[in-house]
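Below is one structure, written out as structure tokens; comments come after it.
Order of writing sets the labels: A, B, C, D and E. Residues in every chain begin at 1.
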Amino acid sequence: SGGGGQKGPGAAAPPLVVHAIDSGTFQENFNPFHLEGVNFGTTGMIYETLEYFNKLKPGETQPWLALSHAWSNDGKTITFTLRQGVKWTDGKPFTADDVVFTFETMIKHPELNKSAVELAGAKALAPDKVQLDFKSTSYAKLFNISGSTAIVPKHLFEKENPVTFTNPKPVGTGPYKLVKFSAQLYEMTKNPDYWQPGKPVVPTVRFPAYTANAVQTGLQQGEIDWAGAFVPDIDKIYVQGKPETNKYYFPPEGVVALLPNLTHPVLSKPEVRQAISLAIDRDKIVKVAERGYTKVAHPTGIPIPGGEAFLPPAYKNAAYKVDIAKAKELLKGVDPAQLKFQLLVPSPFTDWVNAAQLIREDLAKVGITVETRGVAFQDWVSKVGKGSYDLSIRATPAGASPYFQMRSLLFSELAKPVGTAATGNYQRWKDAASDKLIHDYAATDDLAAQQKAAQGLGTIMVEKLPVLPLFYSPAWAQFRTSKYVGWPSEQDPYAMPSPYTSPDAAVVLLNLRPAGT
Amino acid sequence: MKIRIGAGILVFFALMALAGPLLISADPAATSDAGLQGPSGAHWLGTTQTGQDILTQIVYGSRVSLGVGVLSAVIATAFAIAVGLVGGYFGGAVDEVLSVLTNIFLVLPALPLIIVLAGYLPQRGVASVAVVIAVTGWAWGARVLRAQTLSVRRRDFVEAARASGEGPIRVIFFEILPVLLPVIATSFLATVVGAILAEAGLSFLGLADLSTVSWGSMLYFAQNGQALLIGAWWWFVPPGLCIALIGTGLALVNFGLDEIANPRLRTIKVRKARA
Amino acid sequence: MSDIVLEGRNLTKHFKAARGRGTVHAVDDVSLALRSGTASALVGESGCGKSTVARLLAQVYPPTSGQVLLRGRKVTGFREYRRQVQLIFQDPFASLNPFHRVRYHLARPLRLHGHARSAAHEKELVAELLERVSLTPVEQFMDKLPHELSGGQRQRVAIARALAVRPVALIADEPVSMLDVSIRLGVLRLLETLAAESGLALLYITHDIASARYFAEDITVMYAGRLIESGPSEALTQSPRHPYTQLLLDSAPDPARHSAPVPRLGARGEPPSLIAPPGGCRFHPRCPVAMPVCAGEVPGRTVLGADRWTHCWQAEARPTSVPGG
Amino acid sequence: MRFLARRLGFYLLTAWAAVTLNFLIPRLMPGDPVDLLVARLKGNVDPAAVEAMKKAFGISDAGLWTQYVDYLGNLFRGELGRSITFFPTEVSTVIADSLPWTIGLVGVATLISYVVGTSLGVLMAWKRGTWLDGVLPAATFLHAVPYFWVALVLVFVFGSTLQWFPGSRAYGLEVTPGVTGDFLASVAYHATLPAVTIVVASMADRILGMRNVMVTTLGEDYVVMAEAKGLTSRRVMWAYAARNAILPNITSFALSLGFVVGGSVLTEIVFSYPGIGSMLLKGVENEDFPLMQGIFLVISLAVLVANLLADLAYVLLDPRTRQ
Amino acid sequence: MNVLEIRDLGVDYQSNSGAVHAVDGVSLDLRRGEILGLAGESGSGKSTLAHAIGRLLRPPAAITGGTVTYHRADGGAVDVLGLRGEELRAFRWAELAVVFQSAMNSLNPVSTVGAQIEDVLRIHRPTMKRNARVERSVELLQRVGISADRRRSYPHELSGGMRQRAAIAIALALNPEIVIMDEPTTALDVVVQRDILHEISALREEYGFAVVFITHDLSLLMEISDRIAIMYAGRVVETGAARALHDTPRHPYTLGLLRSFPRLHGPREELLGIPGTPPDLRALPPGCAFHPRCGQALPDCREISPSLRDGVSCLLNEGKGVR
């Protein structure tokens, strides 16, 4: 493509105003290694990953800075073939050295390796070939390796301490460049030398600072073109009777489940969990607590649509149905005096607080007394982590494939003894069959084999009820089609529509085209 | 007059807190399909987004709001009495230390301190919130009480009691304390207002227990539910109004007490002087 | 001459001045004796240290130096001392706790000092006390709160409270200066009778030297923290020996004078600061007849006869003549 | 001067107390920011990474005393640690960015509130028995209204319903920060509602306080005498009565600053104002202990300085303290 | 040659529990250049009367009736109670000045003594130059025995006696015809009191102003005043030349008062005092207010309220009083 970029009608194209993360002010931090505090857009728009994973279609990947990858050594080595002719925005070429530097930095500074990729080493085999070695089989971690690690320019980063470097003048390979920064607004313009010819079409992207409150007004007054906000009453505040232009799309991103503490003598009984599940009116929770913005979860917990292939065939069409009579029947053998639980919720999550209230009302109908307790977020983290709760509500992210979700939900190694903080499997599910299926999944690169393992895990979810899925946690995305069209939709879920997901947001931007074309 | 209006307001809210839940025995958290309805015959004050009845919430919330207010004021006042009276009565080094402590807590900004403390608080139940508010709210009373004790201590009747052989404890609690009761009442009432406001602020920031219905948590949910933007004034007006009204009631009683002590403060009808 | 009940010897009291600006020499080297059945007066202008002397004698303050003797002995027990020496304060509006009834004010000392055997006895004693101070009908007064009493009545309650302890010495610190002229007399008379009847040693502190003449047998005059002259009241008021006493007597209004314009006095200026009191005789800066020695040395006590003495270099020089202009 | 020296000593002591309190609170309270961060990362964290993070956040296992000494040392160098929310930005930077907004907003609002409130109090005391007495019940009511509720109502009425003033942010999207007329105008326009909130909510205290002191002062002999001297009402009211009544009012004003700052925290949050209050809430929500503490410290010290200024004003205004 | 004539003056304090008739039908004359003593027990209405004359009453006090007439030296008469606005301001201090009981309270604590004198000059003598004002204030201070360098002293830097002198100096600033002194020496001790009294009488000789001198120390009044009025329960019960009042008091109350003062000189007399306590002005006994305390009360005293005739208001001896 031409060095000067497109002139003509494109030059008059309006800027896109984006609200990604609630924030009163921005700090000048564009270091993609950072998870907290880094400004949105750093990964995706400025820095890019090796490959792109569509989280809405598990298994669908796209080459990005890497053209392809190849596993060897039983999943302990991966080799990437890199795209040629890509340039950093300062004109220097993008090479294998940059990739090696990026991964070596993660080895040197474990605190930057936030997704726990078990890297052992990185080396450049050729200017366009990079080999990464791992301590263990890492098929399942491909997303963390190539889908979420942003590659940084070695020639600039090697001069800095990557842990504390805030990178105020970022130089990336991505479609946009930072041009303006102030505490309440930063702005990016398109990279004229971007490697995807003719793209991006949106010339300017502006990121004003909005807090959770302010963004509502911003949406109402039409200041924002693209937001990822929870809007309590979306019809009134955002749509305002213009559904053709003021659109939104809330695809499932993970699953919110009721966690029964399996070390509890009563909750460890499957029939009790079954009864609880039968008594809960999930439709009402979705309608009242979640304002109808999401859907009741599939009993396997795997997000639908998108994850159909991972569903066990027997339960493909399974759905929850309230059955009070059956629930009562199941509880016959349990001493009613023991059916008293405390439901722990983080009180800042108001929708969960409301859901807890509904669960309480539902369970009361089958003779289970629930006391809902709202606690501070960190207290909830610590209590659930340590297993000192009866019932709780928690979200598990889907990740780029059901593996992460299932591992986090069911892997017995994550279940720590009560009193020790766990990082997953908070309900403390210990089941050899589940563990084997998780191992099977991780040990293969073959999609069919992976799907089979996932189906096995799904069956366990439905039959044994280690956790009780409630509803999908939605990804929030509001976008106006008055300036640009081409947004993801249920019909064409090519990327997560939320502006706060990276690098998906960049993919969305690259797909936009002016309204009326 | 002021006292009467103020006391009327307070009695109203006290009745609401004590007897209200007996009359309206609904669950304040109970949801329904009728979300976001304006005031009507079925829901006198309308409903929240999740269909909770606002009147029920107001009635039950009064318990928490008043409870936190009164509880922390009791704790703070007890502390203020201890510090103020002991320091003021004994004087000397004890007083120096106590009054520096008091002054420190006086200048430290209370709400930020409460926020920070609450931020660390693992359990944000009613009692712990009340304690945190009390911790930051006693200094004002202690300062006033100390100053008053200093002046009362010099009064002849205290000297006289000592001269007739009374011991210090008896002098403090039987001679000085009763005289300070109006001051204590004033500072107690002021602390209640402060504590109710602080609790509301904390809840509004989501730093109190939100699964208990209080006026503050109602405002939190109203704010989170964007009651403002969707024009659901019936959601955020009543709790705020209740807080303000109860504060007004307490303040009116307080000003009334002040006016009894200092009649000059009364508002007066000026009669035309003889022409 | 009756025996000495309470005696202060060389009492000195220094206070730390407010905000740490030096020392207040409130009382310096004051010796004073009270005899049973006798009313003595301590006279001096405002701020000269009268109340401080009273409080030292009542052992409300510990003296900086000097000692207080009760019947010739030092008493250390706090309560024991209170049982013997009682104080009546200037302001009847302030000396009763507005919260307690008359009965409480009188019953507390009775109980504290173990005079009451039972509740009934206590009530009896309270009634007796009220009767002694002429607050009748006693039943009616017993249950009154201080604000329901007039100033004179309050002062009577205060006196009754002091009496409840059954002291041997009573110190009345300006007991009537806050009362209306017309009711002063009654209270003073009451004190006078009590001293005479029950053999109390009474110290009457006042700045009104005329009332001292009427109600005390002897008068001691104080100036800027020191005693300057003492003598039987009639003799002292009719023939003062110290120039300050003279001045005090001259200054007192005399209704018989009818002499506008008011004559200028021999001395001018105001009482000295007690933080840096003048050296020598403290009166010398204002004294119309000061001699060089007055500024240099503190005059010693010149005994002028039975119970009469003064601290003045003039008296030293001319022991029998009356100084002043 | 002695008075000032004493006050200065007191403020130093208080500053030290605030600093120490700040040090102790996190160490006496349970909770570990790294656990929280791990929770937010939703699992999948390497234990080695946790350890490394602890180091990065400056969480130390050293003895309390050593930590205290280090802490004081860092403080003297102006190092407040790194924010967790805005990692790796230094807390001091975060504060430096947000403090000017708060100082500007609170400063101007407090000034207005003080001047208007005090003048109104003076007038109300002076004109007792006129229609101005009607302000009294209103002030009593406002005195008890939570700041954030006033803010909400103002946003509702003037922000969303009438749309006269913006209900959020500190300046418009269309202007670029800088010393330009456009920018300053935008800042003033955006600050209107928050400032009005603080003024409305804090003014009642000033009115009531000043009125009461003033009423008492008006009964003083020197005011009666000033009137007897045949001075004009204005002169009696201001030079004699208000001039004296303002003295006790200054002290109570200084002490109320803490409340105003507290109220402004809530106000900023409602208005998404980029000041220190919003940052404090962000810190609390994210368990960003370094940030929380840094902000609390700065607020405390700012209130202390304001108090010191009030003391200075007192000394200037009251000849009795000038010795 | 009256400079001031008070006729049937009444002042009430309005209160919820009924009106207090603090001054009730008082008629008095003040002659040019004389000292009129006003005596009476606490609460008998002396200050209220003084304030009423100076038009200094504040609500809840209200004048209920009567007149106060001021006669200028040139013969013109002024209805004092009818003065409004500018007239009243001009009348104040230029014609009638006031010295209050406690100088500490009647001097503005935050302004210098000199400034408080110059304040009067500036308002009343707008044409006077600054230098002239300073000169005049120095002159006045020196006249009352305060050295010129004290002009810039604040009240708290002066001793009690000096403050009282300063208050007198302020009162004399405009050479008024009348000076009202409300217990100007009560707070001072006898020696200083005598000094001040001397000063007052000397100044009066020099300037020839008339003085209303209020105190409850009757013996002091007897010494300094030309004529005396005795007040009881808001009424004047006896007036007369000081000597006459002393030698032949006609009202039993006056007699009682005289017999309450112990004498310093001469033989010891028997002190009689007055039994009972002063009445509550809210519930005055019917008839002569003094009758419950009067040893010689007639049955009629209980019903008939006597009026002031020939300088006494008493029913005894057909209205001639005790003797």
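Heads up, the rule we're going with is that a contact is a pair of C-beta atoms (placed from the backbone, for glycine too) under 8 Å apart; a residue touches a chain by one contact, two chains touch by 3 or more.
Protein names from UniProt, one per chain: B, D = Peptide/nickel transport system permease protein; C, E = Peptide/nickel transport system ATP-binding protein.
Owing to the predicted nature of the structure, the values given are computational and were not obtained by experimental measurement.
Peer 1: Count how many hops through touching chains it takes, at the least, to reach subunit E starting from subunit C.
Peer 2: Steps on the shortest route: 1.
Peer 1: Considering only mean CA positions as chain centres, point out the chain farthest from subunit C.
Peer 2: A
Peer 1: Going by the touch criterion at the top, tell me which pair is linked by more C-beta contacts: A-D or D-E.
Peer 2: When D-E is set beside A-D, the one with more contacts is A-D.
Peer 1: Using only Cα atoms to place each chain's centre, name the chain farthest from subunit E.
Peer 2: Max centre-to-centre separation from subunit E belongs to A.
Peer 1: Using mean CA coordinates as chain centres, what's the gap between subunit A and subunit C in Å?
Peer 2: About 90 Å, centre to centre.
Peer 1: Subunit B to subunit C: how many Å between their CA centres?
Peer 2: Inter-chain centre distance comes to 49 Å.
Peer 1: When the C-alpha atoms of subunit A and subunit B are each averaged to a single point, how far apart are the two points in Å?
Peer 2: Roughly 45 Å, centre to centre.
Peer 1: Could you list the positions in subunit B whose residues touch two or more of the other chains?
Peer 2: Residues 121-122, 206-207, 223, 229, 231, 268-270 of subunit B each touch two or more of the other chains.
Peer 1: Would you pick out the residues of subunit E that each touch at least 2 other chains?
Peer 2: Touching at least two other chains: 59.
Peer 1: Using the touch definition from the top, which residues of subunit D touch two or more other chains?
Peer 2: 30-31, 128-129, 160, 218-219, 269-270, 285, 287
Peer 1: Once bound in the complex, which stretches of subunit C touch subunit B?
Peer 2: Of all residues in subunit C, those touching subunit B are 58, 60, 78-79, 82-83, 86-87, 89-91, 94-100, 108-109, 112-113, 158, 161-162, 164-165.
Peer 1: Mind pulling up the subunit A residues that touch subunit D in the complex?
Peer 2: Contact set of subunit A toward subunit D: 17, 23-25, 27-29, 31, 34-37, 109-111, 113-116, 118, 144, 163-166, 180, 182-185, 206, 208-211, 213-214, 217-218, 220, 223, 348, 377-378, 381-382, 385, 395-397, 404, 408, 414, 421, 423-424.
Peer 1: Help me check something: in the complex, which residues belonging to subunit D touch subunit B?
Peer 2: Touching subunit B from subunit D are residues 10, 13-14, 17-18, 21, 25-26, 29-31, 128-130, 133, 136, 140-149, 152-153, 155-156, 160, 208, 212, 215-216, 218-219, 254-255, 257-259, 261-263, 265-266, 269-270, 280-281, 283-285, 287, 292-293, 295-296, 299-300, 303-304, 307.
Peer 1: Under the stated contact criterion, what part of subunit B meets subunit C in this complex?
Peer 2: Interface residues on the subunit B side: 155-166, 175, 178-179, 181.
Peer 1: Under the stated contact criterion, what part of subunit D meets subunit E in this complex?
Peer 2: Against subunit E, the touching part of subunit D is residues 128-129, 218-222, 224-232, 235, 239-240, 243-244, 247, 317-320.
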